[in-house]
């Protein structure tokens, strides 16, 4: 049994971790650390978990944490976790961090995008980007994992095979992404109130969303070039789920070859043939948010538009699972030598 | 042209007043007073109104208000408006107040329910409860009108004919009411965030919702007795609209007579025959929220349940219109000698 | 491993069965029978299940069914399953039926309410009403189980302790229930289209919903008297979840004793102390739909209203789980001698 | 008073026409023609309109129509209206058609896209595309108007200024559009049921949505070139409203000039300076669906992304108003010599 604790347990990522770990056969939750709810049962904050997880939330006590836990997930507001992580690591705890702090290979990009000093270049260099489909080997021995952002997970999984196979022109990528509201976390903010968001739809963070740099970093790594792309996120009136609709120009070579949708699907299937959590859609079907909500799957569909010589990629995940808590558990499974899908085989809800 | 201003203009009641008055042929908005948004255009706060109402919000200046406005609507958080209203009245302004302060005939009930000192017994005694269907004559000459609560409007309109005609036992009334989220106003509160309310349903304020006393007061007045009833409100995942489903035992006399649904419908139709905004449903149809949302109508349906000897009444309104801003305009029309439905004849949205 | 098949597998009850059984450690799905989708993979109809359940749907073939399955769940439109069930039973298969056909102890009530001939009085008399909290012993040896209706499950669990302990007057019960839209099944009907139901709320089946008779039957059995009550269902704009808000008069004895909310909670806790799936709410908290959605739990809260001398009971379930597919699996677990909560311990989704 | 009738009055476009015309000071509804509801009051089909429009629906009777109506709106399923329109025109009636039939300047494109014979080339050549912002002069004398599609309206209004001012490369346009569900009309179809669409999000009609050709036609006309673009529509879980998020490469000239967001906004403001219904967003604000829902406004925002050298345009309309019924009334106002915004000045709902 793996002993695990969560720091920042009462946010939505914490809630999801507790929820899915309640059915995980090999991980046992130890400490749920939450400054705002010390002394309160987790199930009093989230009554959905009554009888399932009645652990009393506690304040951070490093000694107790060290004694009880091999793994710690930090699910804290941006900028808070970095103060704790070095101590955890020094005490031999393996850390999965949900902030952006340790996601960047080039610290200067992090510092520019997040407008802050990084402070831990050594830790950065050993940190592993927690996208198992691309960093599985590194995860096996990692001490510090940076759980990827939800938009990056959705976008990278969708784009990687096309870029790797040089089907599309890397300079022509346009990502339109749509997220459910839970992506913003548990918010005390008029802008996130039911009345302001129900039946509404809007773009936000146009040209300057911070996940852009994370997507560009990973796709650049993957291709060996420097990728710059357009990323425009939107907020839609549902709680969970995410979709990226991606357009990119076919390369001249592909145009000349007259590449077909079927051929691209085959390439994608080959690329992901060993990936349990990536489901390349068959010809004639495309992803829908309801198919992945509640699951750790990423559904990816592709269509060649011969007329305008573009590839359209649609990628869908549950932002709280494959986009966050589920992916963290996937990484922990790998780090702990368990089958990667242990405790994560539940399907989407559809309803 | 009637000159009107709003104090507390940037809440949802203010928004609705501005929206519906933009099409009112006889009322012109003068000052939109909002502490939090002084100097900001109303249409910058609510861009839906751009080109329709670009008035710049201002701070409260009694002199300017007196010069510019015959009517003032106070749409302030509970307890705030009472400090301003006496001054407005002294300056000859007619006031429609959206708080509960001046709704009570018996100040001691107000003080008990709202746990506060009233402070203005004289004003209370001249204040008129702004439900035009029952206080039309008093409204004609009123200086101070207390706009009724949304739940009371919905419940009283549904129950009045049955009580007045002694169809039901007044001690057996059970009201289950359901409100859209806008009833709570513009809220910075996790409990009202999209993620906590979408796809959720809950009862709240069970046994102690403050509107209970308001409903009981008005129904007691109407019947001359002392009515005590059960009122249980619920919150449903939509922005606007309200429904009350009311059960009450038929009186022995009615049971003996074998009263039918058709007969009760006829009584209701007779009771409301001169009321433009009350639509008694035909046999076989019952109200739905979508039929009244966006309109100032109250839809009321009744069914006799012979088997268990009860009457079921279903009443539906738009909580922001007939339950608040629309009803205020209806009252102002009466106070100003205009046809009561001036500027209020728009139908429900359905979609 | 228990071998199980579903007849009528592609409706929403079938979908939920497949979804939750995909994580059940002791039940294996064999045949998914669906007239409309013969030859099609289940996961092509519901892509959320791709990689989880790729069984090809087949037509009904009794021989194959008998060879492959010990248990069969019939999830067919009303009136269809009765033609198949006798054959299944004759072949030694245990049947859990989702229709109302075998739910009635008194066939004449069934025939009156459903306006049809029953036809199988012998089977009726051996059929067990599949509410484990009340029929656990009978379920252990049952061959034919009638899975209860969702409204009856929600209402009976809420009312049973109060009736059994004679806290409330059985002639005064008024149930207002609210269901998510999935309760109506997979519907090709304008009335169930997104545009007609989103942001809407309505009562339906007032005075004549067929579940009334089922609730009355079970509560009458429980108390030994003849209970008649008011049951008014409503449709709310969410996919899954159900709540019943129940009002009833306290008995004279309880009024005299001055019974308190705390005391009623204790009675409820004692009543359900051995029930894994019933969670009596602590003082000060009441059920919300989001706490049970996605789980097989029933959350029940009670409040005494001293002022009007009534008890208010709020009961919440997921209509597709404790109200249907989950409850069926709970019954099968019992019939198969497994721990009752096997494969059903997942918590609610909250988000 | 202009006398107007609707053929196909009981679909959603008909409903919206009836709803908004109920407040129009210069148009009076005469006949509401609906095959399925002959003899039924419009307000019995849509009870939201009770007391507002109680006209009894009738079957098509050309003689009566000719006697009663100067204008007829045909809001029929695709392919049906063409059989009626020639007769209406011969009888001197002016027709606004909601189908795609008369929207195409080049009949061969229509025939290819809609896979049907056109049949009325003469009528086609005199038909006017009913987008007042671009065809105002032609509308004044038109006999036959083709009401534009919702996606084309939203997209063309967003793109026209940038194309006309040669800010963007016409070969690089990528439109991602999102529609509320009402765009599909009143549907008896499992795929449009509440349970299949609530909390879901999907792309559809990828590479082959028929509105693509309509957008391309109009933008080609406007620029004098042949524009081919990517258009990918999505379905989001709300009833009404539409947004297009458009990406296109800046032209080399604009890149060289270092064009700024402010400059593009100024160009857009200049382009639309006389247009009541187009609201170019100020720097720092972008359209949201809730700002236009319930109104005939189109909100358009632009941002230059210097980094990747693209222009991003966001355009939002209410698909049922500016995208359909509202635009039809706008056209009729012009045809009748009325101020263009007569009866259409209502703001968006926000809530």
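For reference, chains read A, B, C and D in written order, and residue numbers begin at 1 within each chain.
Note that in this section a residue touches a chain if its C-beta (ideal position, glycine included) is under 8 Å from a C-beta of that chain, and two chains touch if they have at least 3 such contacts.
Note that this is a predicted model, so its numbers are computed, not measured.
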Partner chains shared by subunit A and subunit B (touch criterion as defined above): C, D
Magnitude of the superposing rotation for subunit B and subunit C (Cα, nearest 5°): 180
Between A-C and A-D, the pair joined by more C-beta contacts: A-D
Greatest separation from subunit D - chain, by CA centre: C
Subunit A-subunit D separation of Cα centroids, rounded to whole Å: 38
For subunit A paired with subunit C, centre-to-centre distance based on mean C-alpha positions, whole Å: 36
Subunit A: positions in contact with at least two other chains: 12, 182, 195-196, 198-199, 237-240, 288, 290, 293, 351
Subunit D partner contacts - residues on subunit B that touch it in the complex: 12, 15-16, 19, 22-23, 44, 46-53, 182, 198-199, 239-240, 276, 279, 281, 285, 288, 290-292, 294-295, 297, 299, 320, 345-351
Residues on subunit A engaged by subunit B in the complex (per definition of touch): 12, 181-182, 186-190, 192-199, 237-239
Contact footprint of subunit B on subunit C as seen in their complex: 174, 176, 178, 180, 195-196, 198-204, 206-207, 228-230, 232, 234, 236-241, 243, 245, 247, 286-290, 293, 303, 305, 307-308, 310, 312, 314, 351
